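Have a look at the structure below, then the notes.
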Amino acid sequence: MKNAAVASLLVIFAIPLLIAVAELPPFGDPDAPIHTHISARYIEQGVEEAGAENLVTGVLLNYRGFDTFGEVTVIFTALAAALAVLLTSGGVQYFQEDRPPAPPKGADESERPPTPVSPVVLFVVRLLAPFIGIFAAFVILHGHVTPGGGFQGGAILGAMFIVLTIVLGAGKVRPRLPEPLARWLQGAAPLSFVLIGALGVAFTGFYLGFPPEHSLHLVRELMMVVLEIGIGVGGAAIFARIFLAMEAD
Amino acid sequence: MEVVDIRPVLAPAISLVCAGLVFLQGSNAFWRRFWSLSAALVKLVVVLSMLPGSLQGIVYVYDFVEFTPGIGLAFRADALGMFFAAVSSTLWLLTTIYAIGYMKGAEHRVRFFGFFALCVSTTVGIAFAENLLTLFLFYEMLTICTYPLVIHDETPEALRAGRKYLIYTLTGGAFVLVASVIVFDASGTLSLGQPGILTQEMGMGTLTVIFLMLTVGFGVKAAIMPLQGWLPTAMVAPTPVSALLHAVAVVKAGVFGILRTIYNVFGVDLLAELGFTMPLAWLASFTIITASVIALFQDNFKRRLAYSTISQLSYIVLAASILTPFAATAAIAHIANQAFPKITMFFAAGAIAKKTGKKNIRELAGIGYKMPWTMGAFTVASLSFIGVPLTAGFITKWYMSLGALDAGEWWFVVVTAVSSILNAAYWLPIVYIAFFKAPPGTVMHVEEASPTLLVPILVCAVYVILLGATVEVPGMPFSLAEAAVNFVFGM
Amino acid sequence: MIEWPHWMAIVVLAPLSGAVLTPIVSLRDRRIAPWFALATMTVTSVAALFLIMRVAQEGPFSYPLGAWTPPYGIELRFDEFSAAISVVCLVGSLAILCSVRYTEWLRELAKPRIPYYYALMLLNLGGMIGFMITGDLFNLFVFLEILSLSGYALVAVSGERTAEMAAFKYLLMGAISSLLVLFSVGIIFGITGSLNMVDVTTRLASVAADATMPAVLALGALTIGFMVKAAIFPVHVWLPDAHAIAPSPISAVLSGLVVKVGIIGMLRVYQIYYGSGILDLTVLNQVLLWLGAISIVMGAFFAIFQDDIKLMLAYSTISNIGYIVMGLGLSTNLSVIGGAVHVFNHALIKATLFLAAGAFIYRTGYRTLTDLRGIGRAMPLTSIALSIGAVSIVGIPPTAGFLCKWYIALGAFEADQPMFGFALIFGALFIFIYYIRMVNAFYFQEPIHKEVLRVEEAPLTMLGPILLLAALCLIMGILGRIPLTFIEPAALRMLAPLGG
Amino acid sequence: MLEALWHNIDYVASVVLFCIGLYILIAKNNLIKKFLGLNIMETAVFAFIVTIGVIEGGDAPIMGHGAQAPFHSPIPHALVLTGIVVAVSTTALALSLIIRIYRQCGTIEADELREME
Amino acid sequence: MSMAFDIFLLLFLIGTALAVAHSKDLLAAAILFSSYSLVLCLLWQHRGAPDVAMTEAAVGAGITTVLFLVTIGRTKRREK
């Protein structure tokens, strides 16, 4: 009864939405404002100006680099938030002094024997892991030419880590990511933005600027690659940390 | 002539500092008394030091702080304000002396004296407020400062009375604020320094709303019927507080606000054109008569006093609504002429209650023999309310009748006469019971109140006679009232 | 020095990068975290100061990121409304300072969270700063997400069961509102092809003149989205729990600053829509007026019946946001100025109140008025600060709250909506009553718990900020004209297309 | 209007998905389910934004060999990329909270939680 | 571009979304959501947005689903 009421309300709610979208520029219309205004310039001059054949990467890193800085900060926020919610002295912890006086029930999940995994899965995962890693690296590094980039690669890398954790057990994987290293890695993406952005001030006079001159295109390329690596590694570390924190609770 | 002078700020500030010192050092009886008394004295001196200047027509002004053009806190000691301030600060001194005697051995004395000082501070602030905003601010502060005094005993009854008091007066304050906003929106100023800041062009609707809101806002404290509900219940407070509430600070603040509304916000000319004051005059007349009739049936001494207060306050409102110079003189002079007799009575009632524990009138038989001075002073005050010549009350009634006749509203004279009869009907029985209806065998066995109680009573009684008998009472010259009237009527 | 353009970037980057570095620098010793955060906020405050001085001198200015001329890149744009970052810096820094002792209060189990607590605090503040100075719609959304996510987590950081439930409620509503904002950014982008606010304003008038329905939908979605963030009736339901249960320094930040994000967001929406003139906003204004009035009365009404001091303050926030929204809805010069300045003043006042209430809770462990009776004698300075805050929030001259409310009320009469002037003033009356109740309990009622009388005054890191804020409440009251004249050009510019 | 809607079928699908998501969010009691609903709403908005950038007969905005005009607008793609990351961030936090709530209350049904308050 | 294929994808999306709403088993709902994401990524690839499609596949279908699964593992599998 309640559900039906909600559903019928939503149908009423949908009507103004539909009316509004009907007035939007028609689907695929090449004369729509969206194609004639800013995009037009990006498509025309984007490759030279922004220095990436993949225009999406160009937009992400160059034209709207600040958005991307914000975006990596958002994932960092998610990590900080998840840790601030989940961390307890009994849960994810690495330092001796943090141990609680008496461990709570079901504590130290990392020493729990991993769920029995079928040998086939184990084998396949172990076999595939290096390939996934290489693929992730390719996606990250080649993002300005082909589809992909730091986020996608980072997510793949993070996924690889997660799969390994599931299969091998958190106890085995966690020591590979010691706390000091993890804290640097989780901040890699915003920090690389801050550094590269500051470099941009030197080149263009404004934060996050990339040298537009053709003579410096190698520098530009390098800056972008550093950013992509920062995003990728940082993203992977954050996804992995979130997963570990949730898994360990 | 306007002179920039710090004294209009100083006067309220002294009591403020005194309150602070009392809160800080008040647990020590000596310092508490010392600060209270010396502050009262210093303040009286400060206020009186402005008197000679005021009499020569000098107006002391001081802009304390201005937030934006036209909105700020500013002080201005004009004739009307000076009159009110002089009454309050004189009575504060007397009440402080009385309270020291009365509160001996009571609880929460620090709080009591601290807020007592704050109350007077705010009252003088109201007197010297240069604009509606300052007036409103002190008006609200007064509410807050008297609240702890009303609930002093912290009995459930007192707390209930306190809540009722807060609800009534805060709501009233909100009306004043709304009206201030509208006034500012209409005229661009809030100043009370001119004889009227509103003009006819602002539209009948706006003017009506402003008048209604200001009258209701101030009328709550002035206890015009039907807004009087809080006053009788607030009688649970200790007697000095009742005296302060009902004779000096709170109710007078309301009345003073109405005077400011009539004389300085609207101006008599505009009001005469608009004719708003006639309904107010009728309401006041109704209050005078009804409250007197109710007072007739009260047996509790303080309750009878309370209803008498309601009735007397409306005299001021009535006189002010008549809008003639004579009536205006009566209105202003009655601030003092009502305060002194009323405070005498409260002091007497308090002294009796303190001494004998008797709170009802019929228990008072023979008290006149035991406390002759107290009851003598009481008798003088009663005579004043009845309007016997040579007492303060007579002056008011005389001038008001003159004013009413000037305006051709003779029926207000009738109201005055009826009220006098009613006053006689409820005050004289007390005098009669006290002196003549002694139970057989009463001996003259004087147990007079202690000097700290008695001296203020007698001083007040003397003032009652002085106010009626001479024109230039020290500290409260009649000519000051006349100066205020001249300013208001542009004479 | 003032002219140096990069302050604009630093003011956002400093807190955000500081947040990333906080867990790193506190690897060895957690106790470093607050001081590092404070140092970061100091840098931010310096930058903010220069920016505000510059805007006061030369009016709005912009900073093209990546040297792209707008609208091709992202532009940071600093106008008078952006000056709200000043209170973000101030209140934020003071809240961090207060947290130094407050985090000791976290349960032992939650101690490892401390570095992330400060990181989130910095993210929250940095997100707000970014939100207030960005000139790009999508960037606005990104910063909105940073500050919202960190806000949800900060509510839950204490690890109490109720806190986590409140945080989830907050998150659920906040996520929907963010989504609505994103949706309308998408629509606006769809009909104008641009994301830069200035550019959108001009293009809405020219390119999208016939697409009014999408524009209406975008306006509605943006308004609802920001209304959730600002906690206006009827979408206020998340606020009382979240603000009451969060640790007090967080409550100060959430109640003083984060809800204002919704207001700043609405101001931006108004700037765009008034500037383009594509729609007649009378209906929206009327709706806002009513909702504002209901919020005022309802918030104040519920506050009266609360015994929990922080819950009472939370409801009073709803009421005060109602004032601001009413000021916007009236859309007269005076009311908008009053509303915009109340954004500043309310932040100061509410921070004073929450921090002082926090100090009580920290010292006594009690949080209801009944339990805290008599605390005024034990912690006199904190109580005085709280009383000053109470007087200010009611709006009694000469404290900070007065002038704004005066302006808004004046605007109501100017706009011929006297009804709302009444609602405003009688709302203030309600508020007055409950603060009287509070002061009464602190000073005059007999304590229920005798140990309340024996607690010490708040520690210095709490007392200092509290007293500073209380002093500011008074100073801002007396110097109230300065912010009013400061914000005036922005309000006039915003309303200029109305022909007023 | 119906014709316009038929032509803009992607928009319509977005609206429908949005409403389904909202329905799950409001009507379902389980917190995880609610968040699945929110995710569906988010993807609906992303789909909407991607659709805005489509150009008839266009190509992906990647200027490699063999790429030819017209190209889809790259901006919506960048926006949605950011949006997806934001969405996963929100989800991560929400799920962390859900885990904590379950640990403390033993349930994640909204009505049972409300009773516990 | 074939309109029919588009409509098929869109209908599939709506179908999976409804299935998510209907399913009482949270694990099934999460997996359905994952497939929903994958189909969406197919649609986006078809709409010429390979970057978005890739992100949705990795983040939306991958990471999000894993997080949901972990959460379901830590809480309860069945909805009441």
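Each chain carries a letter (A, B, C, D and E) given by its place in the written order, and its residues are counted from 1.
Heads up, the rule we're going with is that a contact is a pair of C-beta atoms (placed from the backbone, for glycine too) under 8 Å apart; a residue touches a chain by one contact, two chains touch by 3 or more.
Predicted model, so just to flag it, every value in this text is computed and none were measured.
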Set of chains adjacent to chain A and to chain E: D
Co-neighbours of chain E and chain D - touch as defined: A
Taking each chain's C-alpha mean as its centre, the one farthest from chain C: B
Longest centre-to-centre distance from chain E, chain (CA-based): B
Closest chain to the centre of mass proxy, which here is the mean CA position: C
Pair with more cross-chain C-beta pairs in contact, given A-D and B-C: A-D
Intercentroid distance (Cα basis), chain D paired with chain C, Å: 28
Chain A and chain B, separation of their C-alpha mean positions in angstrom: 74
Inter-chain centre distance, chain C versus chain E - centres from mean C-alpha coordinates, in Å: 37
Whole-Å gap separating chain B and chain D, where each centre is the average of the chain's CA atoms: 70
Numbers and ranges of chain D residues touching at least 2 other chains: 9-10, 16, 23, 48, 51-54, 57-58, 60-62, 75-77, 79, 81-82, 85-86, 88-90, 92-93, 95, 97-100
Per-residue multi-chain contacts in chain C, two or more chains: 138, 142, 145, 149, 152-153, 156, 159, 164, 167, 189-190, 195
Numbers and ranges of chain E residues touching at least 2 other chains: 50-52, 55, 59, 63, 67, 70-71, 74
Pairs of chains satisfying the touch condition: A-C, A-D, A-E, B-C, C-D, D-E
Contact set on chain C toward chain B in their complex: 396-398, 402-403, 406, 409-410, 412-414, 418, 421-422, 425-426, 428-429, 432-433, 436, 440, 444, 477-478, 480-481, 484
In the complex with chain C, residue positions of chain B that touch it: 65-68, 71, 73, 111, 133, 137, 140, 144, 147-148, 166, 170-171, 173-174, 177-178, 181-182, 184-185, 209
Touching residues on chain D, where the partner in the complex is chain A: 1, 4-5, 7-12, 14-16, 18-19, 22-23, 26-27, 48, 51-58, 60-64, 69-71, 73-79, 81-82, 85-86, 88-90, 92-93, 95-97, 99-100, 103
Complex interface listing, chain C residues touching chain D: 138, 142, 145, 149, 152-153, 156, 159, 161-162, 164-165, 167-168, 171-172, 175-176, 178-179, 182-183, 185-186, 189-190, 195
Touching residues (chain side chain A, partner chain E) in the complex: 54, 56-57, 139, 147-149, 151-152, 155-156, 158-159, 162, 239, 242-243, 246-247, 249
